[in-house]
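What follows is chain A paired twice: with chain B in the first complex and chain C in the second.
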Partner chain A sequence: MKFFLKILKDFPAYLWSGWGAIASILLFIALWDVGNQVYGNLVLPSPLETFKTLYAMLHSQEVWEQIDITLYRASVGFGLSLLFGSILGLIAGFFATASMMSRPVVTILVGMPPIAWIVLAMIWFGMGDETVIFTVIVASFPIIFVGALQGTRTLDGDLKEMADSFHFPWHMKFMDVYFPHIFSYIFPAWVSGLGMAWKIVIMAELLATSDGMGAELAIARSQLDTPTALALVTIMIGSLMFIEYIILEPIKREVESWRS
Partner chain B sequence: MSTQQEEEKLHATNHYLYYPDEEGIPPYLAYGFRPVFLLLAPYLILSMVLWGFVWSGTINIPFMDNVIVWHVYEMLFGILPAGVMAFLTTGLPELFPGMIPFVGKRLKYVMLLWIAGRISFWFIDITGVYIAAILNLAMLAWLIWFAKDVVLDKLQRHASIGYALVALFGIESWFFASMAGFASTDPMAILRVALGAIVILILLAMRRVNMEAVNELMEDKGIDDIYISRPPLTNLAIFSVALFTVVEFFYPDNSALGWIGIATGAAVLAITSDYNLKDKFILNQPYVIYLYLIYIMMALGYALMGWDILLGEPYDINSFRHFITAGGLGLAYLMVMVTIGWIHTGRHLTSNIYTHLMVFFIVLATFMRGLIPFFEEYSMQLYFWSAIVWTLPFVLFIKVFYRFLLEPRADGIKG
Partner chain C sequence: MEKLEVKNLTHHFGFTEILHDINFTLKRGEVVSIVGPSGGGKTTLLHLCSGLLDVEEGSVSNNFTSSAFAFQEGRLLPWKNVIDNIVVGLLARGDKKSIAIQQAKDIALKFGLEEDDFEKFPKDLSGGMKQRVNFARALVTKPSLLFLDEPFSALDIGLKRELYAHLMESCKEDDMSILFITHDLMEGIRLSDEILLLEADPGHIVKTFKYEMPKEKRDDTFVYEESAKILQDKEIIETFELNSLELK
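After this line comes the complex of A and B, so read on.
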């Protein structure tokens, strides 16, 4: 509870410190505008036109339905990765043999390009939700798994011994010794896993489904509708930035503050 | 001597190591800022009233048939040397403790040069552009000469201020060259470049003023924390302002300039995040609010100008520019006058109903002038009354600070 109050207390100052970031994004948009003036509307629509398209899109029921579909797929895929990646990673971290065995497998999973997974998934599951969700899991599971594994592997043996010799009750041992350490590893892994999930879901949809934002992007491409394509990209980036910088980053700062 | 007195004395003598041994220096020439403020406050009031008469046609000064250009010139380059002079003659001995304060007769002569510059300006139709150019450029050149140690300093700690002044000298020369027919650049475009350079100079100076004033304030009030104005944030703002200025000079109607304007607003606002200290909350301290408002005004100006360019209605842009000039610059000059007026006359940095009102009137006048595009039907009244309201802070300044400026320091130290 104290933890969340601290986050809430620091939140306005944190939010206000974002002006510098906003300035650099706006300067980037200015560069985009120059690109539009050099290459023309078809290749790169102007930022203003894109934002107007975006504004119109956000007022249409249909677009929100597509966003819902994508959101559903991404969250199911990411949720499953989060659950199994964390649990399995933690368990694997506690056993030296298990972590030794799991390493090469994870390398295979990470090393295989997601696009190859999509092809396999399309053969196995056909064109639909399952293919997309499967691809998301395959892409973000290893990241979370490795993070959790590292968290338990790197636990300080001396601290563990100290906690044992003072006969800490198990909940204290967990909350004050293990949890802060493991969480500081696993939480950043969740954040990168989420970023990966959000990118992969769009790619999988673009190739394997007829609905969702990825599919919308495919339609925009086939119709050479660059403003819509860019507006969709803006939604994707905007939502990812919102989740990462407004929701997760303040928590991450608080979680990692003990390290400094 | 009580310990408290001793402490105060130590703090004040920190401001310089040696004081010149010239005989019989009157109080009003005992330190660089004193004659500047004594003259600047009435001059700002007088010139605003004169502009009021010029605009309404009551008095007829043709200003070489280019009244608006000369109005902008005077508000930028006429007042700038006074503000810079107060800042440098007071600040440099503090930043470079070996330096001897600039006082007495020599100070009087430099002030006379500034006054001559103002007279040559108001009588430009009689005395001509060359005399105005020579007198005004000489004043700025003297300031650069005075600040040469800053540029030549091996550590280059404050050199950027010197470079900004050199750049401004170049821009002012360019302006006079254009007015005298030696350069074909539109004088208004040169003045817009000048505004960019002045904003950069103020951002550089503000970083130092902020560190000094805010930390002194916290020490005074027993707030145990430290305020650090981080260079990267100021540099981002300076980069954005410079980019906006350059792009506006070459492509005044380009839509990319609109985005750069909004970006500049955000970058200037970003500097204020330094006021969120690690442990203590200082946004309720009056002087923090005053200084904060300088950034808010400038940020509003750039953002509104950018927005205006994006919408493609370039007419309003000069009204919005007043957020930077009347608001940002006006408040920056006022804050220099007020903080130096307290601290360097041997007093504590004090806020009272007068300082609140001074800041309030500047902000009010800025909104009245800057938002004219939204209230077109009242534009005549707003032009007039915003000018009047803008002079009120300087009337109050005369009321509160004149006696401090005309008397020796309250703590008995020279200066």
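After this line comes the complex of A and C, so read on.
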């Protein structure tokens, strides 16, 4: 509770530090507009037109339904990865044999292109929710698993000894010695896992389903409706930036204020 | 009578014998230092005495009511600020948090930390300040036996003296005992009732030196004279291999 109050207290200062980021985004939009003037409306619609389309889209019930569908798939996939990746990673980290054996499996999971997984999933599960969720899990699980594994593998033996010398009870050992260290590894892994899940869900939908934002993107492509395509991209990037910079980053800063 | 008694203690890591037949007794209120070259098994011996390592051969019987450990490198929890670091020993034994924090603040001030430092994380502390916190964390629990693993080795002479004084005070007021390892003979002479000389490969006690002079009366002259004397000792010369390093 105290912790969340501290996050809220530091939040305005954090937002204020965002002017640089906003300036860089505006610069990017300016370059985009230059691109529009050089290549024309069909190839690259102007930011203004894109944002107008976006505005219209956000007022349509149907678009929100599609966003809901995508959100559902991404959160189920990511949630399962988060749960199992963290738990299995922690367990694997505590046993030398398990971490050794899991490494090649992780390499396979990371090394295999998501597009190949989508093809396999389409054969296994058909066209639907399962295919998308499966692909999301396969893509984000290894990232979280490795983060949790690294966190437990790198626990500091010296601090454990210190804890033993003061006869820490088990809950103190966990909360004060193990948890902060593991969290400093696992939390960034959750963040990158989430980014991955959000990207993969769109890709899987584009190829394997007839609804969701990915499918909308496929329709926009077939109709050469570039403004709609760009508006969809803006929604995706905007939502990711919101989650990362407004929700996760302040938490991360607070949790890791002890780091240099 | 509270005491730590080590009998016929032998320890192996794998097939290497680290310690061989160690015997000594540390009584309440005494200070015993273990002196010897690096890699001679000093830390292993201290860990066995404090229960951080399990005894394999021989016995260590410790009936001191409480003990604390101050490590060479501080070993502060990097995610906790100064006060929260000092307080861990008190919380671990189940003290009430508000009282424990007040005690931690008091001892922090006594150990030369300032109120501005209380909220700092270890990354923002100098080496000396970390060591002050380390000592405060160990002494705030008012242990009857304190284990020290070369905690002075990286400190400047002023801070060393300051920490010596704090230790002496706790020894006197609370009748605290200390078992500490060092490779600084002068430190041993200044603080100890008894110095155990540990020779390496495998670690065994070759000689013990006893000092009767009350500690508060040991001035620099005493320490220098005794150091000069001890450096002439045949066993000291052999253990630290001083003869092979004769300066030309």
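Basically, the second predicted complex is superposed on the first by the 260 of 260 C-alpha atoms of A that agree within 3 Å, B and C clash if a C-alpha of one lies under 4 Å from a C-alpha of the other, contacts with A are read in each partner's own complex, and residues count from 1 in each chain.
In this section, contacts are C-beta pairs under 8 Å (C-beta built on N, C-alpha and C of every residue); 3 or more make two chains touch, one makes a residue touch a chain.
Keep in mind that this is a model prediction, so the values were computed, not measured.
Aligning the shared chain A places chain B and chain C next to each other free of steric conflict.
After overlaying the two complexes on the shared chain, residue contacts for A:Asp33 are found with chain B alone; chain C is out of touch. Judged by the touch definition given at the top, the superposed model places A:Met127 against neither chain B nor chain C. Within the superposed three-chain model, A:Ser46 lies in touch with chain B and out of touch with chain C [touch as defined at top]. With both structures placed on the common chain, the touch criterion links A:Ser257 to chain C but leaves chain B unconnected.
In the superposed model, A:His167 lies in contact with chain C only, and not with chain B. Of the two partner chains, neither chain B nor chain C is touched by A:Leu58. In the superposed pair of complexes, A:Leu159 makes contact with chain C only, with no contact to chain B. In the superposition on chain A, contact is made by A:Ala13 with chain B only, not with chain C.
Distance between chain B and chain C in the overlay is 11 Å (nearest C-alpha pair, rounded to whole angstrom).
Contacts from chain A toward chain C in the complex involve residues 158-159, 161-162, 164-169, 172, 176-177, 180-181, 184, 257-260. On chain B, the positions that touch chain A within their shared complex are 233, 236-237, 240, 243, 254-260, 262-264, 266-267, 269-270, 272-273, 276, 310. Touching chain B in their complex are the following residues of chain A: 13, 16-17, 19-20, 22-27, 29-31, 33-34, 37, 46-48.
By the touch rule above, chain C contacts chain A in their complex via residues 47, 50, 52, 68-69, 71, 73, 75, 77-80, 88-89, 91-93, 121-123, 141, 147.
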